[in-house]
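Take a look at the structures below.
Both complexes shown next keep subunit A, but they swap its partner, so subunit B is in the first and subunit C is in the second.
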Partner chain A sequence: MNRTLRNTQYAILLILILAALLAIPVAAQGTNPPTDDDVNAVAKQLYCPVCENTPLDVCPTQACAQWRDLIRLKLSQGESEAEIKQYFVDNDGASVLKEPPREGLNWLAYIIPPLAILAGAAFLFGAFRRMKKPALAASAQSPEVDASADEYVSRLEAEVKKQR
Partner chain B sequence: MLAQFGYGILVVTFVVALYSVTAAVFGYFNKSASLVESARRSMLLTFPLLSVAALSLIILLVQGDFGVQFVYEVTSKSMPTYLKVTAWWGGQAGSLLFWSWLMSAFASLATLRKWDRDREFLPWVIVVANVTLAFFVALNIFFENPFARLYQTFDGNIAAYTFAPANSMPFAPADGRGLNPLLRHPGMVIHPPMLYLGFVAYVVPFAFAIAALVTGRTDDRWIRITRRWSLWAWLFLSFGLVLGGRWAYDVLGWGGYWGWDPVEIAAFMPWLTGTAFLHSVMIQEKRGMLKQWNMILIILTYALVIFGTFLTRSGVLSSVHAFAQSAIGPSFFIFIGFTFVTSVGLLIYRWADLKAEAEMKSMLSREALFLLNNLLFMSVLVVCFWGVIFPLISELATGQKVTVGPPFYERANSPLFAALMLLMGIAPLSAWGHSTVATLGRAIWKPGVFAVGITLLAYATYTHNVIALIGFFLVALVILVTLYEFWRGARARQKTQGESFFAALARLTGRNRRRYGGYFIHISMMLMAVGILGIELFQKETQGTVQAGGTMELHGYTLVYKDIAQWDDFASGVNYTRAVVQVYKGDQLLTELHPRTDYYYESQQNMTIPGVRSTIADDVYVLLVDWEPASAIGATFKVYVNPLVNWLWVGSLLFLMGVIIAAWPEEEREPSAVRAKQNAHQTSAAD
Partner chain C sequence: MTETMEAPVRRGAPLWAQIVIWMVLLALLALVGVTLNKRKQGTVQPGDVIPDFTLPLFDGYQYDGKSEVKLSDLRGKVVVLNFWASWCKPCEQEAAELQEAWEFYEPTGEVIFLGADYVDTEPEARVYLQKYGITFLNGPDMGTRISQLFRIKGVPETYFIDKTGVMRYVQVGPFSSLAQIQQQIDILLAE
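Right after this comes the complex of A and B.
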């Protein structure tokens, strides 16, 4: 029984070694030079550090072409998207990112609009209620008004009847 | 000599504008009709004066008098004459003069109307229009003189001066720098005038609003007078935005039309308040409500018009420090502050007089839904405004520059736009005064069922993308509801008048131009929404380097790079590099495209002109990114497939038609009589 178990263990080990050997060419394929599309996928998430409001993937300047080459180099060295973005932030500042980093004062960028919109919605709701109030107030008073009006109308009708 | 003459005319215009303001104020308080008339005539004089100044500048531009700094900066000998003329608004100083010229034209047009019923508004309309005009002319006179000449001092320095400095000689370069190549596209030739027309046209409704506040005539007369002005202003502004988008698509070479750039947003913000205003004034006209809110909206629109010009002209967007160093930035800041505080002060003073005449009866009434629409427009405004100014706040507070780009705006605004579309589908079916879930449900279920059917069809044949399906459902709902409204109206007319269906449809539209023009606009907006959904959600792109005869594949298309050629056009100072690319679908040759790169020697600037195959289904958009002159390696192309993008342009043409229908003059009815009649029937049928 023990012998069978040991054989099974050897078989698994052999399979694992074979799998590892087979995986080498696949891993080698993964180190193929990055394509233009790979580079652009990263560059698209960054702004040109020099030109205003121009995404790095479409910026036509020579400087940007060199930055794209740098991205290509870093991708070929196995750096991740996040690492490459961080490299650009460290070198050129947070303005290369398409949004302010979620830290410190920058949180205001994300918090203020929803707060303002909620405040606007609350104000609108309040305005609706206020705009309805005159009607409610009027309807609350209406029984008296209506009663007197009814009394007046009935007296008037009685007068008209008498005249007839 | 002509430059000095032009500058002199600017100074005279400034003095005339100030006189006009003074005469109007004194005329009003002293009840002197002759002084007010004098102010009016002075105002009318500003247009011919500024036309002469503008003509002087155009002559200098066309003649190529490079001794004038502005001419040197925006023209060159090789530019065609029409571009030399349009270079007028191709630089800061000239564009400010262009602003003033348009402003004086609009203000003059406004003062030429019949004033019999509204005589008390006249002096204050003159004051507002001429204060604005005087400010812009002053910018030209004191900071950005388009007529400033270049002088060389004896120490060798060359600089521009309005008046010759001591010990200096006039300096005239042999040729100019030439207009920025990006601004030579027909779209960019028309785009700024359209935007500026929109901007200055909004000054007129604002002027009437202020006149109403000052005089205390707080009924809806000012709104009725300026209704068409607001629509035309909105049309110009909208068309300016669309043209800007088309220009970006054709010239900027990134396969898109809108990048949430602060300059774009600067023009978009007054459009948002202007659109809210267009809807909101209807509530005041129909129900005598939201008078205070309409004042706030028009004050905001005016402030944003000036703010937009400030953002693009002061350098504040590149850096707060550039703003501080800019000559006109602080002046703009003070002017915005002055006009805003004065307007708000007047509004507070008249707040009690602007109370609503009727109450809100139902949360589903037309006016309630319009108010909700206003909230959504204001929410988009908040997102845009905050997105534009946050980088400035961050730089001021922490010294750190940050960018607020497309992901921020798209994430925040997409649900707001979707909600606006939903409202566009529901509001036309609701009644003024009172609506219930039951009445709305009865009206909407038929178009709603069809819209669901169309969405299912889209699911089965086009996409499983949930956001796209929601978008398509909303588009279908709005279009079907609007067509249903046309159909209901025409059928009713057909029955009562015995007309044919199409005659009934034409007369129905002709007799309710604003309403049915508005419906046209809704449909056109939805077509534009299809284009936006297409390009935003389904755009495909690839980039690669191929040798001659090599191919690239994208989204079912095969592109074959055939050839490349390069040549100089010495007359225009441009070097062209043009590739020939064939586009196949399967084995079928669809077309041959010629993406090219134009290199302008004067400005040492490249322009990437795409080769585009356009159909209603999609655009194949090819850019020549790079190439090897020796053709050893080949050429690099960036290819986009932009599904449905042409719906955006088709929709914008229909939009133009809708606004023309809505703004076409019709007989004016007495407001009080109309409203009295409407108030009597307000709780009954839908309008």
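Right after this comes the complex of A and C.
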């Protein structure tokens, strides 16, 4: 009985030690410094504040290098992607965002392109239909012509037979 | 002989839709026009009245015990507003001269120097201010609101605003000497 109890105690102790060993890497992972990929994942959602149309992750200027360093610092301090983006928007305006926030006149950037595509498609559809209609009408008329021609031919043949 | 009556063929979109489409297109054109016109305007021009703005100050800088400064609070003084950034090499060329000019006019109490840090990172901005020993009021241009107000084209740019709040002179690019800064301030002080 005593022996069984001792074995159980050993088993529990072993499980606790294993659990502690497994927990160490998980805890250490939280304190890992952010990698270049982590920094670039945020940086590519922002644009260079100085040069036009250059994403922050590929921008070679000193200003962008400083911004990437700041992103790294903020990530290491545990700030989330959204918090970091908001920091740059607060400091430097919404124009630094790759995707403009969905508000105010910015909505035009999201609404106009699909509307323009739809309008273009509707115009092309209409134009093709209009082009097709005369052709169909012409082909619909041709059997009548053929029919009258046939009638004429049959009458002509009848007349020729009579003559014979 | 037979006559056939053809039904009228309806062509295109209804009138109301055409009106809406044209109105939307015209509104878009107007928007593009206004934006392009704004861009074409360049920086604010001498003679323009500068609308009020508030510059939040970096830690360690205060005006009248406050951590921000409003342009309207500076009426009666000549204001020298300098846009700069720590990543801007030409800004470094004029940093010492600007500080020297500030030290020259500070005792008079008639001139205020403001530094607006444009799209910068605060740690580097602090290093820059420390490196050049800059003591005049400095703060970040939050949301680029002030630089948009002045429609700046880059840094450095310095605006001289007279005692009534009218912009009188703009220096695009760095100053070449202390005398160049003093010349503009002295003109405004003499008025």
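Everything that follows uses one rule, which is that the second predicted complex is superposed on the first by the 108 of 164 C-alpha atoms of A that agree within 3 Å, B and C clash if a C-alpha of one lies under 4 Å from a C-alpha of the other, contacts with A are read in each partner's own complex, and residues count from 1 in each chain.
By definition in this document, a contact is a pair of C-beta atoms (placed from the backbone, for glycine too) under 8 Å apart; a residue touches a chain by one contact, two chains touch by 3 or more.
Small disclaimer: the values here were computed from a predicted structure and weren't measured.
Asks: For A:50 in the superposed arrangement: first (subunit B), second (subunit C), both or neither?
Replies: second
Asks: Spot which of subunit B and subunit C makes contact with more residues of subunit A, would you?
Replies: Of the two chains, more subunit A residues are contacted by B.
Asks: Please work out whether A:112 is in contact with subunit B alone, subunit C alone, both, or neither, and reply first, second, both or neither.
Replies: So A:112 meets both subunit B and subunit C here.
Asks: Once the shared chain is lined up, is A:40 touching subunit B (first), subunit C (second), both, or neither of them?
Replies: first
Asks: Between subunit B and subunit C, whom does A:67 touch in the aligned arrangement: first, second, both, or neither?
Replies: Touch status of A:67: second partner only.
Asks: Looking at A:91 after the superposition, I want to know if it touches subunit B, subunit C, both of them or none. Which is it: first, second, both, neither?
Replies: second
Asks: If you lay the two complexes on top of each other, which residues of subunit A touch subunit B in one and subunit C in the other?
Replies: Touching subunit B and subunit C on subunit A: residues 93, 95-96, 105, 108, 112.
Asks: Given the complex with subunit A, which residues does subunit C contribute to the contact?
Replies: 12, 21, 28, 31, 85-87, 119-121, 123-124, 140, 142-145, 148
Asks: Which subunit A residues qualify as touching subunit C in the complex?
Replies: Listed in rising order, the residues of subunit A that touch subunit C are 49-50, 61-63, 66-67, 69-70, 73, 89-93, 95-96, 105, 108, 112, 119, 126.
Asks: Taking the touch rule as given, give the residues of subunit A at its contact with subunit B in the complex, in rising order.
Replies: Residues 35-37, 40, 47, 52-53, 55, 58, 60, 65, 93-101, 104-106, 108-109, 112-114, 116-117, 120-121, 124, 127-128, 131-135 of subunit A touch subunit B in their complex.
Asks: Help me check something: in the complex, which residues belonging to subunit B touch subunit A?
Replies: Counting only subunit B, the residues touching subunit A are 252-255, 259, 261-262, 289, 317-318, 356, 359-361, 363, 368, 371-372, 375, 378-379, 382-383, 386-387, 390-391, 393-394, 397-398, 400-408, 412, 541-545, 606, 608, 626, 636, 638.
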